[in-house]
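Presented sequentially are two complexes of chain A, the first with chain B as partner and the second with chain C.
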Partner chain A sequence: MVPMMLEIMGIRKSFEGHAVLEEINLRVAEGEFFSLLGPSGCGKTTLLRILAGLETATAGEIRLDGRRVDQLSPQARPFNMVFQKYALFPHLTVKENIAFGLKLKKVPAAEISKRCDRVLGMVGLSALASRRPETLSGGQQQRVAVARALVNEPKVLLLDEPLSALDQKMREHMQTELRALQKSLGLTFIYVTHDQEEAMTLSDRIGVMNRGHLEQVSAPREIYEQPRTHFTAQFVGRMSRLRGELVSLDGGLARLRLDNQVEIVGRPAAGAAAELHTGMRMEAFIRPEKIQILEEAANGGGRNLLPGRLSESVFKGNQTEVHVDVDTGGSLLALAAATGVPCAPGGRLALAFSPEDTFFFGESEG
Partner chain B sequence: MKSGVRLGGPALAWLCFFILAPLGLVLLISFAQRGIYGGIQWDFGAGNYSRLFSPETLLIVWDSLRLAFFTAVVCVFLGLLSAWAMATASERRRPWLLGLIALPFLTNLIIRVYAVKSVVAANGPLPFLLTLLGIEFDPFALTANSWLVAYGMVSSYLPFAVLPLYGAFEKFDFTLVEAAQDLGAGPWKIFGQVIVPALRGPILGAFLLVFIPCLGEYVIPDLLGGAKSMLLGNLITDQFLKARDWPFGAAVSVGMMGLLVLTGLLLRVLRRTK
Partner chain C sequence: MNERRRVKAPWFARAVLILVLLALYGPLLVLVAGSFLESTATGLVVTGRWFIEVFADTVLGGALLNSLIVAFCSAVCATVLGTGAAIALHRGPFPGRQVLRGLSFVSLALPEIVFALALLSWFFLLHWHLSLVTVIAAHITFSLSYVILTVSARLSTMDQSLEDAARDLGAGEWHLLRRVILPLLKPSLIAAFLLSFLLSFDDFLITFFVNGVGRDTLPIKLYTSMKMGLTPKLNALATLMWLGSALLIILAFRSPGFRDVLKAGEDKPGENE
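Right, the complex of A and B next:
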């Protein structure tokens, strides 16, 4: 196993009696690109600011390679931060901005210049070294902010929604650049974002946060394909949902009775098995792309099969969103290839999805 | 543009009539001579201006510049700290702090100055306290000295520095402070290398806002400084009210205006180059 590098142990934070973070435990390995993903107000930025030392935790410890760092001032921590709005010093040139940290550490001038030039080269801004930040584009300012943090050779780079102020195209471009930079330097990144696509694209692992706690910490694919909690399931990606009552539990699979006695089979949420009991209300989640659209009379072939009426289809270019009012009540979203909508709105069809792709969560959760 | 001129017309007329015309008159008088009995004798010459460069007048100019500069620097420094504290205070507390800063404005200047005077007066609380503590002091030096003048000036003009700086701090991006902290800067480095340079414009503005009225101030030095302290403001007042030498008083006024314009230009250059 890779030796753990950054350990966050039992971090709590409350503001005026109101808990913002409750018991955060997390380990981030050296060289890992770790994202904290969650809606605004979930505490992800607070956690990052606690790591940076800009806020103090109410309880808990932070260790770096086994040594406590949470008692150090922000100045003394071997972490550097990239701020959401870049926070570049307006009175300094690009190069002076980058040199700021090194000058404070009394690094010899010749070495400062050398190191600044190197990071400027890395982020592709060598030609703009003597410009003022306000004369640069958003993407360029963003690169300066990253360079200003990187030049100090931090053990961990903390990034607070660094791309949220950029337009879509620039954002995608910067994502690629950041990822390449992180891989080539082998640096540990802790990246805060509310954009799940961004988190999916960039991260080695993602910590999904909600209301001050971590819902799930897994690799992107696992977060998407094996959501462990109700919140993760509904927050990450799109889901089609059905409500029903748990009728039986059999090993890894369970049966849910929908409102008009139709039953579907699926997997109950991992980790919640102990609390499951028959008769409880549950919600089923299915990824739209895992739902197959069939003709009404078709055979599901061992899968869950729900007949219904097509209420609306929305052309999205590479695919078509198909909204189906199923006979059991409720509306399901399925995706069809651009050419594959079998009937006009109002027509009958059936939806098939396998138990493997059907997740059951207690309704009260999250 | 045309309608702008028309709208500004009344104000412009007011300006011409009540400010520019009297200024012209002052300029005119400054080239005239004092009559034997104190009137104005319309013999034109630059004699009043050459008197400006006499050693005793230059000393007064130097003392005035020194006091105004000292007051402005102290006000800007204290103003920065208090404006910083105010801007970072909680939303609930801010209006109260703002009110406290503006409080002196609600009291008459003379009353404020006499309040200071009464504290140090021979039978006031400060001499009483000093006697009680057994500290020896000269009661005459205590009631009127240049430190008292400086104190009076700073306390009277501090709001002029605090208010514009508070406005600047309200718009200030405090993540710059966090970024500096993150990069290893302590509080004084942050103050000197981030806040002061980023607020250079407002700081120069606040400096001028204090410096200009201070250079012509005459009430505070007169009441707190005693007979020994003669400044530009007192010099001008005395020429008009006591010496009855209007032409020289006018010449000193013109000279002071020149000095202020020069200071303004100097600061402008300073602002451009850095």
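Right, the complex of A and C next:
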């Protein structure tokens, strides 16, 4: 097992009696790119600020390489942060901004200059060292903010939605750059974002957060393909949904009876088996790209098969979104290759999806 | 012609405007004219003699020096104290913060004569001998509200994450203040200083109450001389005072720190989630 460098143990935080974080437990390995993903207000930024020492946890411990760091002042922690709006000092030049931390640590001037020049080179801003931050573009300011944190050689770099103020194109560019930088330095990143694509692209692992707790901590592919909670399933990526009643449980699979007695087979939420009982209301989630569009009379071949009527198809260039009103009630979204829509709106067809790709979650969850 | 054409104001609006301008600048015009004119047997002639007399007058020079000392000392003290108070009020939250904030603006609302009486009673109670020191103390007191207002406005528009960033990079309270907060406040510190200086330099009423015997400030000197008769020399002195004040006002209003006061209240600092 990879040795865990950063351990977050039972961290809680409440503001004026209102719980913002409830019992966060998390271990991050050295050199890992770890993202905290969640909607705004889920507590991800608060957790990051607790790590940085800018907020104090109500309870819990933070350990770095086995030593407690949560009682240290922000200055004394080997963590540095990149802020959402960069937070560059407007009265200082780019180089002075970067030198800020080193100067406070009383590093000799010659070494400060050398180290600043090195990180400036690393982020490709050597030519702009004597400029003021406000004369730089958003992407350049972002690089200065990263350089200002990196020059202190932190053990962990904390990034709070660092790309959210950039436009789409710049954001994608900076994602690549950040990832490359992280890999080449072998540095541990804790990256807060509400952008799931960003989290998927960048991370080794993602912690999905909702209402102050961690819903699921997994690699991006697992988060997407094996969501463990109702919240993760509906928050990450797109899902087609159906409602029904649990009729039987058989090993890893379960049967759900939809509203007009049609039954589908799927996988109940991992880890929730103990709470499952027949007769309970559940929701089925299927990824649109896992749904195959067939002729109405086709054979599903052991998969779940739901006939329905095509209500709308939306051309999206590389693919077409097909909305189908299934006979059991509800509307499902499926994806077809641009040329692959079998009939016009109003036409009959059938949707097939395998039990492996069908996830059942209790309706009340999340 | 790029400028958008506007409908001309009706004649009565223009007439009112002319009346307003006349009311505003008529007296000033008389004052300035009076300082340049001399009546001789042949009629009125333009002269610079009164100004020369003003500059030659050592008593007036002494009063000017007193005024400058008072204005400088009180402006420096008020700026330092007011800035400290504004930072404390901004940092919060602590109990009574809102009440304190409200109270700190007291001199803006208090009638000046009431303030003057209050200060006089206060110095009497403290057994302070009335002198330029009491004048300075009084001027500091009434300037504080303006300083707090100016500095608070700037603080409220300052990005909170700058402080976070400084802490994260290793700054304790002292370095935070010296390397981040004060440099960022600089424009408003300048504005606050100029404003306090001006208020002090201009002040007659409060100074009149709390000043001791012997060392008069320029406005007091002007008043006492006036009782002996309104001479062109006094006109010249007043003209010079007006020009000096106007220069300071322009400097203060043009400083970016003052713009923050005008902008304050429009945008609240962003909250983190």
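Criterion: the second predicted complex is superposed on the first by the 366 of 366 C-alpha atoms of A that agree within 3 Å, B and C clash if a C-alpha of one lies under 4 Å from a C-alpha of the other, contacts with A are read in each partner's own complex, and residues count from 1 in each chain.
By definition in this document, a contact is a pair of C-beta atoms (placed from the backbone, for glycine too) under 8 Å apart; a residue touches a chain by one contact, two chains touch by 3 or more.
What you see is a predicted model, and the numbers here were worked out from it, not measured in a lab.
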When chain B and chain C are modelled together on chain A, clash or fit: clash
Which of chain B and chain C A:G101 touches, first, second, both or neither: both
Touching partner for A:P133 - first (chain B), second (chain C), both, neither: neither
Partner chain(s) touched by A:P220 [first = chain B, second = chain C, both, neither]: neither
First (chain B), second (chain C), both or neither touched by A:S40: second
Overlap of the chain B and chain C footprints on chain A, listed as residue numbers: 52-54, 73-75, 79-81, 83-85, 87-91, 100-101, 104-105, 148-149, 152
Contacting residues of chain A [partner chain B, same complex]: 52-54, 73-76, 79-81, 83-85, 87-92, 100-101, 104-105, 148-149, 152
For the chain A and chain C complex, residues of the former touching the latter: 40-41, 43-46, 49, 52-54, 73-75, 79-81, 83-85, 87-91, 100-101, 104-105, 148-149, 152
Residues of chain B defined as touching chain A within the complex: 173, 175-176, 178-186, 189, 193-194, 197-198, 200
Contact set on chain C toward chain A in their complex: 159, 161-162, 164-172, 175, 179-180, 183-184, 186, 272-273
